[in-house]
Amino acid sequence: MKTFGKLFTFLVYLFLYAPLLVMIIFSFNEAASTSVFTGFSLHWYGELLNKRQIGEALQNTLILASLSSITATLIGTLAALGIYHMKKKAVVKAYMTVTNIPMMNPDIITGVSLMLLFVFVGKTLGMQDSLGFGTLLIAHITFNIPYVILNVLPKLRQTDPHLLEAALDLGCTPVKAFIKVVLPAISSGIVSGLIMAFTLSLDDFVISYYTTGSDFQTLPTLIYSITKKPVKPYIYALFSIIFFVILLMLVLMNVMQAKSDRKNARKNS
Amino acid sequence: MNRKANIRQVLLNAPYTLWAAIFVVVPLLFVAYYAFTDSGGNFTLENLSNLSRYANVFKKSLLYSVIATIITLFIAYPFAYFMSKRSANVQRVQMMLVMLPMWMNLLIRTYSWTLILERNGIINNFLELFGIEPLKLIGTPGAVILGMIYNYLPYMILPIYTVLSKIDVSILEAAEDLGCNSFNKFRRVVLPLSISGVVSGIVMVFVPSVSTFYISQKLGSESEWLIGDNIEYLIKSTTDGMNVAAALSLVLMIIILASMAIMNRFADSSDGGMIV
Amino acid sequence: MEKNNKLIELKNIVVEFDGERVIDDMSLYIGDGEFVTLLGCSGCGKTTTLRVIAGFIQPQSGEVFFDSKNINGVPPYKRSVNTIFQRYALFPNYNVYDNIAFGLRVNKVPEKEIEQRVSEMLKLVNLQGFEKRSITKLSGGQQQRVAIARAVINRPKVLLLDEPLAALDLKLRKDMQKELKNIQRQLGITFIYVTHDQEEALSMSDTVVVMHEGKIQQIGKPVDIYNEPKNAFVADFIGESNIIDGVMEDDFKVKLDGKSFECLDKGFAKGEPVDVVIRPEDVDIVPAGQGMLRGVIKSVTFRGVHFEILIDVQDFMWMIQTTDEYKEGQEVDLKIDPDAIHIMKKSKYSGQFGDYSTYSDEMDALSEITEEDEE
């Protein structure tokens, strides 16, 4: 059973990584071929650097992800506080249902539905092409907010409700009490909501594809249009770089996580 | 004080309430509005009645995504089970290795398979060495289903692993103590306790699979076009397809809502139902 | 200790949550420097009363006075009362020193003075040397001390304590009871203390306020509450009591179980039905034929200092505490002296308490559950 388990695990990982490894290998191929490896070369990476289009798209993606995740964190944190203080269960349930819609709906529906709204409003206002950076930003904020709420709300619920009262009791005004006591208690939830929103925004293709215009490309929408035609291996160089960036981030996160786990373990002992 | 509390409540809720109303609820109403109107904005049922043309597409979408979901489940469950048995450090590394492909963009993950499956891809090159005729791998239903499995396998592994790793060891010991052998322990204790993870895994794989358009375009041929591809085509490549696309979206949404309702009912009754 | 001025006064307070009345027309005043305990089981309104005084809850109607000034609508941060919360509510993002200094910093007291006052406080609660310690690394008792110091450092006129010892184990609780009492004496400020533990209430307080169903059942000194309970609820809640139906025959004469007994109470109408309270330790067991009431011993339980004996007298189960051991099934007589008998007017609680046939509420609850299951 044990050896079977290990073999099975290995095979699944092979399945998960084989295509990515093939891609990385051929990004170092001398020739343009993706079937025969003729020799090691960084030539495609050099070519990648010359693609201004890609640099621009990367910049767009980062700007979009930053703006949308920060805005979503602001709105989402306020919303989580509002929901936390709601007294009627039915109202809370209604809010949570609406919050769940962008998460449960397939991306294509979220994208198409927002596009229909934007196009309709654009037409009503007599605009030629209403889709662009603005609509894209709105779309990203929309699908990011729920993740912020779902990260902050549990932190609020875990926080001792008497903490706020204790601060009031000791002379803080409600706003001061919130900043000095509640905010530190939920800050980890806010930060993880922000990070999650940022990465989701970086990664999103489907919703972006329907809500952006031709003048604003993100990295994923650019990749889509490049891979529609037969491609040159410089795109594999791009994919490989993305792979290694994610790998680096994951390793860093794990090291940090392991450190804090060990710290907690020592604290408890 | 009470009035102040009310004002604070309004200030906290107002931004999100407005945002969700305009950008979550209203867009969904627009889907319905476009589905029931023609390009001139007049009420019509034509879009929906014309959907019978897409009956085959719906069938194919459902079939492919159900097959992909089932296969994914049968790969993910044992994988997550074995993973939950390993030491904490191994689990951490394994988890990272599951997340890494998941964090790669869907487009890249899908596209990377073309290198392997192409007419002159890795597999066919390999077969050629033995003088075997190249196989038609890409552009087949199998390739589309493979793409779905590959893309969404981590989404099945993670929730199942999460519930499995949370099962209290003493519960398993209690089961052994009460006379369960490994099989019974699995069937009567582990499986029922992990149903919630299985259900969310199924939803997380099925929903994006049934609504995909990139996977089927890259790995399938035109005869493997799914609902998503048709919506995409109507919106991006035609000038008057918006209304039919909205009708397709509406039906897709209903299918997904219905299947989630079924899954939720299954999850609710699983406490009693699975233990028999 | 007790001064006659009214530091805090509640007038006809009504609090409702979702249409349910939690405090029902409650009036109460508390003197300066008093140690007052609000005593009752959960849901009786004691914590709500505390929160009304602290300002966390606005009453639907009624008035709260502090130093004869109406403070309805004054927010908690402007009231010169401080609270010790049930689970302390220490700020996890600050260490011991910063937690204690919190109130002074909010009020912009100079750092130098803060330093001096915090060290005074640490001395008061015996936590010298813990300044830099993280809150999460403290034991329950230490957290309790920090909570006390954090509240007291602001020199409030009134300290509100919401079941402050409930989370501690028995031995620590006893120590902290003494310590709290000492702190109150040293500071000379008013303590309003909420607890469900009658022993705690009796041993610490100057005045006990027994609450039930949002109403005050009795206010008095601990000894008076124990010896002269006002109704069957108080008699049962404070200590153990046998509560028997009786009829006043005359002043100083009550009839129960068909026999006349002498007592020390007067002023009831002739023939008035009353509740008769007899504490278990005040009844003597004597050989059959030598006492006033004949009964059969149903159970004998050893409790350490004494035996707890249940005796069936005409289908009413008496509880008696004695240091002598008896056997189950033995026929004995009960002897009751006049000063052991306390007469109460009939109330809505008559007949609900004081018969040990249904021994404990817990057993009642259990049997109720099984009944429900069977249905």
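By letter and in written order, the chains are A, B and C; residue numbering begins at 1 in each of them.
The rule we apply is simple: a contact is a pair of C-beta atoms (placed from the backbone, for glycine too) under 8 Å apart; a residue touches a chain by one contact, two chains touch by 3 or more.
What you are looking at is a predicted structure, and each value in this text was computed from that prediction instead of being measured.
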Quiz prompt | Chain pair that, of all pairs, has the most C-beta pairs in contact | solution = A-B
Exercise. Determine the chain that sits nearest the middle of the structure, using the mean of its CA atoms as its centre.
Key: A
Quiz item: Could you state the distance in Å from the CA-based centre of chain A to that of chain B?
Solution: 18
Exercise. Let me have the rounded angstrom distance from the C-alpha centre of chain B over to the C-alpha centre of chain C, please.
Key: 59
Exercise. Would you kindly tell me how far, in whole Å, the mean C-alpha position of chain C lies from that of chain A?
Key: 55
Quiz item: Got the chain C residues that touch at least 2 other chains?
Solution: 75
Quiz prompt | Junction residues of chain B, two or more chains touched | solution = none
Quiz item: What are the residue numbers in chain A that touch two or more other chains?
Solution: 174
Quiz prompt | Residue numbers on chain A that touch chain B, as the complex places them | solution = 5-6, 8-9, 12-13, 15-20, 22-23, 26, 34-36, 74-76, 78-79, 81-83, 85-86, 95, 98-99, 101-102, 104-110, 112-117, 119-120, 138-139, 141-142, 145, 149, 174, 199, 203, 205-206, 210, 219-220, 223-224, 227, 239, 242-243, 246-247, 250-251, 254, 257-258
Quiz prompt | For the chain C and chain A complex, residues of the former touching the latter | solution = 54-56, 75-77, 81-83, 85-87, 89-93, 102-103, 106-107, 136-137, 150-151, 154
Quiz item: Inside the complex, what are the residues of chain A that reach chain C?
Solution: 160, 162-163, 165-174, 176-177, 180-181, 184-185, 267
Exercise. Would you mind writing out the residues of chain B in touch with chain A in their complex?
Key: 8-9, 11-13, 15-16, 19-20, 23-28, 30-31, 33-34, 75, 78-79, 82-83, 85, 92-94, 96-101, 103-109, 111-113, 115-116, 118, 120-122, 125, 150, 153-154, 203, 207-208, 210-211, 213-214, 218, 228, 231-232, 235, 242, 245-246, 249, 252-253, 256, 260
